[in-house]
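By letter and in written order, the chains are A, B, C, D, E, F, G and H; residue numbering begins at 1 in each of them.
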Amino acid sequence: YRKGFPEAIFCPGKTTDQIVQIAKKLHEVSDQNVLATRAGREVYEAVCREIPSAEFNETSRTIVIRKGVQRSVGNILVVSAGTSDLPVAEEAAVTAEAMGNKVERMYDTGVAGLHRLLSQSERLQQAKVLIVVAGMDGVLPSVVGGLAASPVIAVPTSVGYGANFGGLAPLLTMLNSCSEGIGVVNIDNGFGAGYLASLINQAGI
Amino acid sequence: YRKGFPEAIFCPGKTTDQIVQIAKKLHEVSDQNVLATRAGREVYEAVCREIPSAEFNETSRTIVIRKGVQRSVGNILVVSAGTSDLPVAEEAAVTAEAMGNKVERMYDTGVAGLHRLLSQSERLQQAKVLIVVAGMDGVLPSVVGGLAASPVIAVPTSVGYGANFGGLAPLLTMLNSCSEGIGVVNIDNGFGAGYLASLINQAGI
Amino acid sequence: YRKGFPEAIFCPGKTTDQIVQIAKKLHEVSDQNVLATRAGREVYEAVCREIPSAEFNETSRTIVIRKGVQRSVGNILVVSAGTSDLPVAEEAAVTAEAMGNKVERMYDTGVAGLHRLLSQSERLQQAKVLIVVAGMDGVLPSVVGGLAASPVIAVPTSVGYGANFGGLAPLLTMLNSCSEGIGVVNIDNGFGAGYLASLINQAGI
Amino acid sequence: YRKGFPEAIFCPGKTTDQIVQIAKKLHEVSDQNVLATRAGREVYEAVCREIPSAEFNETSRTIVIRKGVQRSVGNILVVSAGTSDLPVAEEAAVTAEAMGNKVERMYDTGVAGLHRLLSQSERLQQAKVLIVVAGMDGVLPSVVGGLAASPVIAVPTSVGYGANFGGLAPLLTMLNSCSEGIGVVNIDNGFGAGYLASLINQAGI
Amino acid sequence: YRKGFPEAIFCPGKTTDQIVQIAKKLHEVSDQNVLATRAGREVYEAVCREIPSAEFNETSRTIVIRKGVQRSVGNILVVSAGTSDLPVAEEAAVTAEAMGNKVERMYDTGVAGLHRLLSQSERLQQAKVLIVVAGMDGVLPSVVGGLAASPVIAVPTSVGYGANFGGLAPLLTMLNSCSEGIGVVNIDNGFGAGYLASLINQAGI
Amino acid sequence: YRKGFPEAIFCPGKTTDQIVQIAKKLHEVSDQNVLATRAGREVYEAVCREIPSAEFNETSRTIVIRKGVQRSVGNILVVSAGTSDLPVAEEAAVTAEAMGNKVERMYDTGVAGLHRLLSQSERLQQAKVLIVVAGMDGVLPSVVGGLAASPVIAVPTSVGYGANFGGLAPLLTMLNSCSEGIGVVNIDNGFGAGYLASLINQAGI
Amino acid sequence: YRKGFPEAIFCPGKTTDQIVQIAKKLHEVSDQNVLATRAGREVYEAVCREIPSAEFNETSRTIVIRKGVQRSVGNILVVSAGTSDLPVAEEAAVTAEAMGNKVERMYDTGVAGLHRLLSQSERLQQAKVLIVVAGMDGVLPSVVGGLAASPVIAVPTSVGYGANFGGLAPLLTMLNSCSEGIGVVNIDNGFGAGYLASLINQAGI
Amino acid sequence: YRKGFPEAIFCPGKTTDQIVQIAKKLHEVSDQNVLATRAGREVYEAVCREIPSAEFNETSRTIVIRKGVQRSVGNILVVSAGTSDLPVAEEAAVTAEAMGNKVERMYDTGVAGLHRLLSQSERLQQAKVLIVVAGMDGVLPSVVGGLAASPVIAVPTSVGYGANFGGLAPLLTMLNSCSEGIGVVNIDNGFGAGYLASLINQAGI
């Protein structure tokens, strides 16, 4: 009863062998893309020996095995401030793409350099759903939410130091945001953000 | 640039007088409904003397002043387990209604009595967006998310005792949910949940 | 005055040598099984050189040295959602078996795939005691507790990421459960869960 | 499918009227005792006007409405150290009694006066299940668990000051106990402790 | 050895009588203004009977007793987003004024309404020191810090609800800010912010 | 619009290659010093191959690339108690120097040896801004603040053990300080402290 | 087996009647002083009707009933910074006096006014045991410990606001102190501090 | 002005070279023992090359360099429950010995095996000061405090797992103890406990 998407594989805590077996089985029984998250290169190589069409994304540590028609509908915008949040931002983007959504990235912007962000406010207003990923710059979803009218999915990351406390600080920042239309997912949960964004993006379709 | 909705009034920390003035001004300048949240009955009565059409909802402590055409589009379902979560659930429901959405309630169900919940799983699957409100029964969004395919907005409440820690427990429970498609808002933030649900519900329209 | 069970050996913080000496001594003086928990393979091999009948369980990292009659009474069911919680689930199961209980496993089920869990609800209702182990799917004990009438021992695990906070999230989730008949043990404490389950399972015997 | 016990009524967050209606309905449809917890005297008086046989316990703030045969099986011992933990201890005791169990109390003992506790160790060893309630003397379940061989249900209370932090301190103390056979319930959750003790006490019956 | 400023009086925990005596003594021995914070109206009235020139500020709950030349140097700007943060913002402003600084207020602005804030960015850039006070809109200092080049003193307030956790959320938000040049003071400590701002504002004088 | 200082490079989460490219570009386009923080020796060597004038500070793990006139104005004093806080103290000092400030160090002093600190109180009183860095001796900023009249920037560090909790203890200690004129930055944030001190030190210039 | 001191009465959670009965019984059976802590005036008056020699201390909210020889040995010094910590400081002082110790007070000093403290360093060095009580000025025990050579008992209080977090901040500050010879008791636990100081003060006697 | 004891060397964060230099200098200028804590074997070997009389204790990771008369006065008893707490217990014992105290150890006892502890209660009552070290068995100081009349110094350790939270659980347990006469030091702070015990033990001498 899931919306046209087979269960993804969350790799941590599984042996390479287990992952390969699950991937093969899902690829055979389903007519949908298969997605594995938090996968190392060695896991990818093992999967690849069995399913040569598997694709690896180094930054997000995801494996995608495509099947059937590849859609690219709607308009999801992934926003991120810093280089170190890219793995989580890309996990979100790859997940959303694997679920058949058109995804754009805006990775060159933060609140300290507010003018750069403001100069792109038109793009922020055109997206149908926004995913905002931030660890040190946890205020970003509030600012984006103040500029855009569409739903914003905020993803705190555990990147940072000191009073970041493993992502607790951006998590609380995002939950307390005064800008309306923001929903928060777990710290570092790019997969969950991409999945939720896909549901929303395809809601009216 | 907000989606056809004037800024709501958050009453705590404002004098009755200030609230009445803001309500009057918003009602005059805008062609939209005006919503005041966390309002006591005495605040409502003061508003009513100036704007007789103002309506009060005792449970959610909201005031709504209607204007123009009243739409009721789409299909938002608000789910809640216990009597004590009703104020927050109703804040969400009233907010969504005031923004022109069709809202249904399912307030008679919790995880301890799982069979009652399962017997309604069809209704859960038909909603376009779900809002799940829970304080003591913080696992409810996970279970609902496992049964429904649409986006779920989870609202932890501060209702409970002991290791509830003012809503921290259901907040963490919801953020860690393994069911996909769940976004979380601040503890007790029924308004935020209703607003986000409205954006999603009207996304494809 | 302990119920027919010699003190177990908790390996962390002890040298291999110390563990071997304690195991030998306990094995000699007692007419009961000896159990060592959190043991690496190298510890097992050292024990094995002295006591060849020692058995090792790789997943749970336990060593069991059997002695006398091996009972298998009652009916304890260990439930777990994910691959990564298996070490703790198996520590509970092995402990309970070493104490003379009949133990069944149900490791293929979680709340996200609720239908799989529901299809087994008869087995849940037949157990005399249930142990439910979960890290990311911390809501599992609540759901199991809502389906079963027997006592449930809930074991939070530190497996997860983000707002799991080292097991704090599933711990709070389980303590706040609205389903009745649930007692909670320390995070990752499979041993304690197995021990308590054994006491309950053998209470009426 | 519950073990011969109708759902109890948790009063906070419900109007007196709602409580009376629920109590009446449960009393009519069920052939079991009805229990209301966290009830004030005024609630009791309202219930009493409709169901004159209702009984009130001032200390535990519980209402019991008896029906059918009143059993008193097995042997549950409730241990508590201080006057201020009595409300929670009594909530546990009354709950267990209402479920048909024989319940004894040992309320005159704490760890600071260890000799008094030791002088009663025989009684501790004879109980089939023990409930230990403590807020300031959070170490009590460990000590009782070291003396008794039966399962211990530990109930932290929010009574105390300073680094008690609303019951967090005794909760952590109890979860970390080195004595085996201890399960913990939520802070102040006397009802949950009584319910779980009843399930265990009647397990072999 | 303090910079031309007598010790202020922190009223909580002191009797009205004690406050009046301290105020009188400080007013006599010093040639500087005297400031009392967290003072109720009844305290003010008691002080006034002894020192008729005492002035009361209802919002900030401060009493000021002026003496000697009243300077008004430099340029401190106090920024705040919401009505409910005004008591803390005013405590900061009154403290800075009593120490001889010129103080401006900008109380009509928040991140949700970003355009209003941006339209005033010139004023933000002209201030020599900025004090930014926020409870629910904890991201405000980051945004202001991104627009202004002068030092920013960030004051989290305990105003808010849910995951605000008594000011912990805005405190962490402010400490993690990516905008440079921000120093944070204790939650609700308007006095400390005003004092520090005064030291900075008069540093080059 | 920043006060004559190009954006510094925060190295963690960036590849050596990315850092070298950013450093080269900033060095070319700007007429200011370039600063990279949290840099390992291997990063420095890679930068050095491209920009031979780059300087490395082993203790603070900073790279500075100088350009144009090197000022050394005002008077910033960096105070630290222990050997283990030196990396953070030096990050603050190097940052302030790279921004054109005169910086002095006082690294031989702590509260346990209070007399050593008191014997230098004249130096404490002469500084225009003070930066106080402490992890285990978190009370140092309070004591320094009680001796000096200028603004104090307090930097908690994560150095310590036990109830230091990753810097939380000195952070709370510093926020609660009763000495006036103290602003706090994030745990381990030497860069932020140096930057803020520079703004204050050059405020009157 | 206690060192010549009957168990004191902790009043919270006990009815006035219970307190009077306990006080009477202890006064009859023991040849020692009786001490009741956290007592209101109405409790005192009830005790006084039965035992007219009972003495009340308004600030510390203690009742003392004297008996036999009243010693006053050794030399305990209680240090406190602010008016609002006096109740806890006095609870410590009264407890120590009731146990037969000579007690001095130094209540006029804090770290912000360091010179006042230093001018009394001789008195600090002459005490045999020191009790230092502080809520907002949590650094005081460290400073006193740096000046005195005798054991210091540090008592954090819950007095303060903001990031004091109910006494957590001074508690952590005191536990992390770098000055040697400091032991910490629970937040607000003046009684425990007085008791421990008495044991130490009388150790060599 | 310290009581006949030179400053000890805390090794973490110092280079081997720095440690050797400090040790040499202290050994030359002082007529007292020198103590280095948290020292690895390689550090010891470097010290030994310069000062051949240096002694190493592998378990506690301490180096002692003796000088002058070696006293052994009074009677300090160090109590610990488990093998894994030995490093901290030994750090306390070695510190106290180096300061001229007679130290006894009782390392074979815990609360789960209460009878073993009770059988030694005479020894507990004879000590002049007790140091109780515990991580998993955090209730031990309470039980010891209930049996002994002398001052107890409680040392929580970070040894444990799950809800131990790095020593937070035993720390809170010890602070909340209902047994009188207990002072707590920082988690893992064996040195501080030994130092404080020495001050108390030698107080009457």
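The definition used in the following text is that contacts are C-beta pairs under 8 Å (C-beta built on N, C-alpha and C of every residue); 3 or more make two chains touch, one makes a residue touch a chain.
This one's a predicted model, so the numbers in the text were calculated from it and none came from an experiment.
Participant: Per the definition at the top, count C-beta pairs in contact and tell me whether A-B or F-H has more.
Facilitator: Spelling it out, more C-beta pairs touch across A-B than across the other pair.
Participant: Considering only mean CA positions as chain centres, point out the chain farthest from subunit B.
Facilitator: If we average the C-alpha coordinates per chain, H ends up farthest from subunit B.
Participant: From the mean C-alpha coordinate of subunit B to that of subunit E, what's the distance rounded to whole Å?
Facilitator: Once rounded, the distance between the two centres reads 36 Å.
Participant: Distance-wise, how many Å sit between the C-alpha centres of subunit A and subunit G, to the nearest whole number?
Facilitator: Averaging C-alpha atoms per chain gives centres 57 Å apart.
Participant: Averaging only over C-alpha atoms, locate the centres of subunit B and subunit F and give their separation in whole Å.
Facilitator: The answer is 47 Å.
Participant: What parts of subunit C, by residue number, touch at least two of the other chains?
Facilitator: 113, 162-163, 165, 168, 171, 175-176, 180, 186-187
Participant: What's the complete list of touching chain pairs for this entry?
Facilitator: According to the stated criterion, the contacting chain pairs are A-B, A-C, A-E, A-F, B-C, B-D, B-E, C-D, C-H, D-G, D-H, E-F, E-G, F-G, F-H, G-H.
Participant: Using the touch definition up top, name the residues of subunit C that touch subunit A in the complex.
Facilitator: Touch residues, subunit C against subunit A: 82-84, 113, 159, 161-163, 165.
Participant: Along subunit H, where are the residues that touch subunit G in the complex?
Facilitator: Touch list, subunit H to subunit G: 1-3, 125, 128-129, 149-151, 153, 171, 175-176, 180-187, 192, 195-196, 199-201, 203-205.
Participant: Taking the touch rule as given, give the residues of subunit C at its contact with subunit H in the complex, in rising order.
Facilitator: Of all residues in subunit C, those touching subunit H are 7, 12-14, 18, 156, 158, 166-168, 171, 186-189.
Participant: Provide the residue numbers of subunit F that touch subunit G in the complex, in ascending order.
Facilitator: Contact set of subunit F toward subunit G: 81, 110-114, 118, 136-139, 142-143, 145-147, 160, 162-165, 168-170, 172-173, 175-180.
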